[in-house]
Amino acid sequence: MTRRTKKNGIAISILSLFWILLVGISFAKDPIVIGHVTDLTGTSAMEGPYFSAAIELAVEEYGGEIAGREIKVIHEDGGSNPTLSVDKARKLVEKDKASVIIGPINAGAASPISGYLKRSGVPHVVMELPPPLFEKNGHVFAHQGTQSGSGYLMGKYVAEDLGYKTATVIHDDVIFAEEFLNGAIKAFEEAGGKIVQRQRTPMNTMDYGPYLSGMKKADVCLFWFVPPHSINFIKSYKEYGFEMPLVLAGLNIITNHFFEALGKDTLGITALSYNDPSIDTPEVKAWVKKWQEKFADKKEISHPAMGMTCAWYVQAKLALEAIKATGGDTSPDALKKALYNMKLDTPWGPVSFKDNGIGIGNAYILQVAEIDGKIGFKQVKKYENIVRTVE
Amino acid sequence: MVLFFINILNGISFGMILFLIAIGLSITLGVMGILNLAHGALFMIGGFVGYTLVTHGVNFWLAVLIGGVGAGLVGLIAERVFLSRLYKQFDNQVLLTLGLVYIIQNLSLWIYGGAAKSFSAPVYLKFAVAIGDYRFPAYRLTLIALGAVLLVILWLVIERTKLGSIVRAGMDDKEMAMGLGLNYPLTCSLVFAFGAFVCGLAGVLAAPIIGVVHSMPMEILLYAMIVVIVGGPGSVSGTFLAALVIGIVDSIGKAYFPDFAMFTIYIVFIGVLLIKPAGLMGKKALSG
Amino acid sequence: MKVNDSNPYFLKKIAPALICVLLFLVLPALLPGYLQSMFTKVLIFALFALSLNLIWNAHMISLGHAAYFGLACYVTAILSTQHNISNFWILLVLSIAAAIILAMIFGIIALRMSGIYFLMVTLALGQLVFFSSLALRSITSGMNGLFGVPWPELSVISIEWQKISFYYFTLLIFIVCAYLLYRVSISPFGYALRGIAEDEPKMKTLGINTWLIKYGAYIISAAFAAVAGVLFTFFSGLASPLQLSIETSTLAVLMLIIGSSSVFWGPVTGAFLVILLEYFSSVYIAERWPMVLGIVFVCSVMFLRDGISVHIIDLWRKWILREEKIACE
Amino acid sequence: MESHETEILRTENISKSFGGVKALSQVSFTVMAGEKLAVLGPNGAGKTTLINVINGLLPETEGEIYFLGDRVTKLSTHQRAGLGMSRSFQVDTLFNRLSVLDNVLMSIHGHHRTCSNVFKSFTSYGHYHETAQVALERIGLWEKQDHLVGLLSHGEKKKLEIVTSIVSEPRLLLLDEPNAGLTSEETMDVVQVIREMDSSTAVIIVAHDMEMVFSIADQIMVLNYGELISKDDPKTIMSDPKVKECYLGA
């Protein structure tokens, strides 16, 4: 009996806990809210912390307030899970009254969020999205345009500048990889190149051996995997003794993690980035320095590490500049207007939008090389002010 | 033809890993009737321990051993503290072990971050053997050999040692085994820990091929469970056979019908269930 | 208390009903919009957990039930986004039909096993459906899922859909389904299921075709899971592979274990607790949510094995009805 | 009294072996309506196995079983039960989470094949209630109808177990140690119930307790190591040397 009463105790305390929490959640707020759907768990958990930091850095540049109103950034974890992400976006808009939504990284989760935001018209500032989501004067702003865009640029470079004639293609069986490679293949074939094989590997693939032993020979191997898969793939690729040059036929995901995990195996890999910390210009160097000073004490993010971090910084800047331009008017229409008229200067060059929310700006081709004994990226080509999609 | 042979080799090497993963699950299930859904998590623990050691310059094979021990210890604790109190309560076992999976996964995300960790096999194994005009990594060949050795050892343990005899007795009749006057609960803990240990070994051995990442436990578990059911729980030979079959089917599927790669093993799985519900080498019909 | 003592009927029957009415009928109307959505989600998952509980009571421990939930999501999403069928009832019927057909096939496979092996098989079958949703890229658009599902039409009346109106619509459907499931649980069929859980050979010797009963139960519960799936699709406006994943199945399992599967309305309590817990932990400690969930799993197994509803009943009996003897289950 | 001529059960040399061990070998016998056959034998003689094989819980290794003239060897347990075969178990197999009344009702539902009904409530079958009441009153458990079975005494459980196996008015009743662990008074109640069985029904009782056996049985069958040693009326059996041997080990 006493045991049971003890259990009752536990039961009742748990219940009451819930009621306390349930009651304690109605707070009014005046500040301008920026909603950030990120990934702290799930397949992109690695990037999450960098993104939040990037936004923090950007907000700091405005002293945390615009037009006398505090800027409040609310981070929500979508766990790369479309259902959950939409839930979180819903919470940010309906409960926290967010006037802009940033993120998430995973197009699979970002797309449905755009779909949801369409109802209310709240601007959705993201990195990149598949074509169907962009409409004239829409609410979607992707400064890196469409995945197929970056893929296209890469395919063009491989065919024209590197002059490869045949290519074998392998990538994750997931929407954004699909888009990247569609673009790359389109460009490569337009330039007279020939695709000898295309392999799609399921997202739950653990062992790439079978695909590699089935891989056909060609001048070059175009690939794109999410970071965890890329590491396994590159390693196995080398194990199977392939000599074809590796080209990351889409946005660069190679980071220091790769250099640690794979060492010399990464040498010669070519990739594309619109904004990468490794780009060798004074502005970027200065920005990286600023980052390192701010987060020196947080060792896991002490270096911006990857292009996506910079992309997030740019997104935050875009949102904040828009709010600044409207002088604190956070109505969706005002913000959209401001974003369409924007020409933002970033360490990676100016960024602006076409009338359908697709970004315009510079693009850089990078290659992994050994620079005075240290493995890192070196810039091999730069494109000025290109529309970041397949025209 | 050579290509086909290469794919078979791929399948066998993957099958060996599957065998090492599944055998622990198979025995704990067959002997103790404990379904440990955290088995995949043990695999990951092994992997992370191995990663930590190797990146700090510990010898690869030593890391393999310690990784196994680490997983074994975690398994032992889980069995002593929790599972031993949930004897014959499947739903609670399931819930508990799932909970452990979530906790372990999130902990490893906390400690090691979301990036996939990977480390290389010993340098002297970092070359590819030429077969016809194809190349096959030496490390995978080593895995095949290792799997064979471990199979023999396991078989000897089960068939020749006292522990093994208790295990086999337990498989046939738990009460009878208890009646043998042996310390049955202790034996169970040991067997459980041993299964975890082997799983941990697999975790380190597989890392150079599949890497280690916080999101892997469930995928691993599924493979292991399919192998266990196809092979028939509690049967070493059955598990081994099933592991090879699944491994080979998996890589053949990936190489020849990539679009159905995800299904091939499930089709085999369901086929076996329909034809031989007890599993390839299963003694009794599966009703836990 | 005097009033209560003089009128125990009030406390036995009316009071609990009143509490439910307040909680689910009145409270949501007063809450901010976002919490209304929360309540909708609670009801949907409560229904899902209830459907699972039907077979759980026959000791058929399924970890693949998301297959039917998710299948319904996809059927609804595909038909409404790609074939412009927006009539709720048609979508409902078709989704249920799909779920039933799938359950008929899977049931035959899964029921070749029992106990722990049934669990493993259902889990594997669930994964099979999960992977299909990835593989059939042309229809399901793979990992990306389908989104932009419009609000449904009800043909009888046209509703101006908002969070609150959809909540009450969900509540209506929920009540109907819950009532049906309750009828099933008190029917000979329901008793037979509990009998099977306790002693299947005995049931056979009583002349009961236990296989058929289990098979039937499996299909019925799949059908109700499908209803929850349809509602969820309109709630979230999308269908994604995640709705077919193990996480979805285990969430339902957690709900009915925490809420206690031996009490009919247990799973509802469970759903309420789990969803709210998910919400709050995501507000305060987002990146640790899985760990919180895991700890809840472990604790509920170790300390609240028979579920929280049982204790609620006890407390009600002890503190309000002032009964001496506590008989649970 | 013509029913005495009707044959209820006939087994033709059924055998059952677990792995290597033979639990039953070549057992053949016949039971007529109204007959009360007691199965005797030392532990491990295969008595319970025999019952399990007859009602189909265990598949026989070889041999044929005929029930009411029809071959039922291939039929499943519930089908045999449907034909009118009923049994009680050695360790009581009541549904502890149901009330006394509901346990009886469950058997009646099983008998009437109404367990697949989803639309009516379990307790809404009026005439089932009457049947159950009669049965429960016979063993004096009616006033405990609402108690959970878990709370009953061992004796009461045993009686209830028997009731649940006879309410379906079976043609063949298999009783496995119906009086195990009962006081002599309780045993007499049980004996009473069995004696009052309809004369169209055959009863097979597995028992240790000689006293009870002789108070009921009009036929006795002795098993030893799975072999049928002899089957005859009580007197002849007791004078049978083979039986003495296997019992007194002399």
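A, B, C and D label the chains in the order they appear, each numbered from 1.
One rule holds for everything that comes next: a residue touches a chain if its C-beta (ideal position, glycine included) is under 8 Å from a C-beta of that chain, and two chains touch if they have at least 3 such contacts.
Note that this is a predicted model, so its numbers are computed, not measured.
J.: Listed by label, which chains are in contact with subunit A and with subunit C?
T.: Correct list: B.
J.: Quick one: subunit B and subunit D, Cα centre-to-centre, how many Å?
T.: Here the centre of subunit D sits 48 Å away from the centre of subunit B.
J.: Could you tell me the distance, in whole angstrom, between the mean C-alpha positions of subunit A and subunit D?
T.: A distance of 73 Å separates the two centres.
J.: Taking each chain's centre as its mean C-alpha position, how far apart are subunit C and subunit D in Å?
T.: That gives a centre separation of 42 Å.
J.: CA centre of subunit A versus CA centre of subunit B: separation in Å?
T.: 35
J.: Counting only residues that touch at least 2 other chains, which ones in subunit A make the list?
T.: 41, 45, 48, 202, 204
J.: Among the residues of subunit C, which are close enough to touch at least two other chains?
T.: 131, 134-135, 287, 290
J.: How do the chains pair up in terms of touching? List each pair.
T.: Result of the pairwise touch check is A-B, A-C, B-C, C-D.
J.: Show me the residue ranges of subunit C that touch subunit A in the complex, using the header's touch definition.
T.: 32-35, 37, 41, 131, 134-135, 137, 141-145, 147-148, 163, 236-238, 240, 242-243, 273, 276-277, 280, 282-283, 286-287, 289-290, 303-304, 308, 311-312, 314-315, 318, 326
J.: Which residues of subunit A touch subunit C once you look at their complex with the stated criterion?
T.: Interface residues on the subunit A side: 4, 7-8, 10-12, 14-15, 18, 21-22, 25-26, 40-41, 45, 48, 75-77, 79, 81-84, 86-88, 90-91, 94-95, 107-108, 111-112, 115-116, 118, 130, 173-175, 178, 202-204.
J.: Would you pull the subunit C residues touching subunit D in the complex into a rising list?
T.: Those in contact with subunit D are residues 183-184, 186-192, 194-195, 198-199, 201-210, 212-213, 216, 220, 327, 329.
J.: Taking the complex as given, what residues does subunit D use to touch subunit C?
T.: 55-57, 76-78, 81-82, 86-87, 89, 93, 95-98, 102, 105-107, 109-111, 113-123, 148, 164-165, 168
J.: Which residues of subunit C touch subunit B in the complex?
T.: Those in contact with subunit B are residues 56, 61, 63, 109, 112-117, 119-121, 123-125, 127-128, 131-132, 134-135, 246, 250, 253-254, 257, 287-288, 290-291, 293-298, 300-302, 305.
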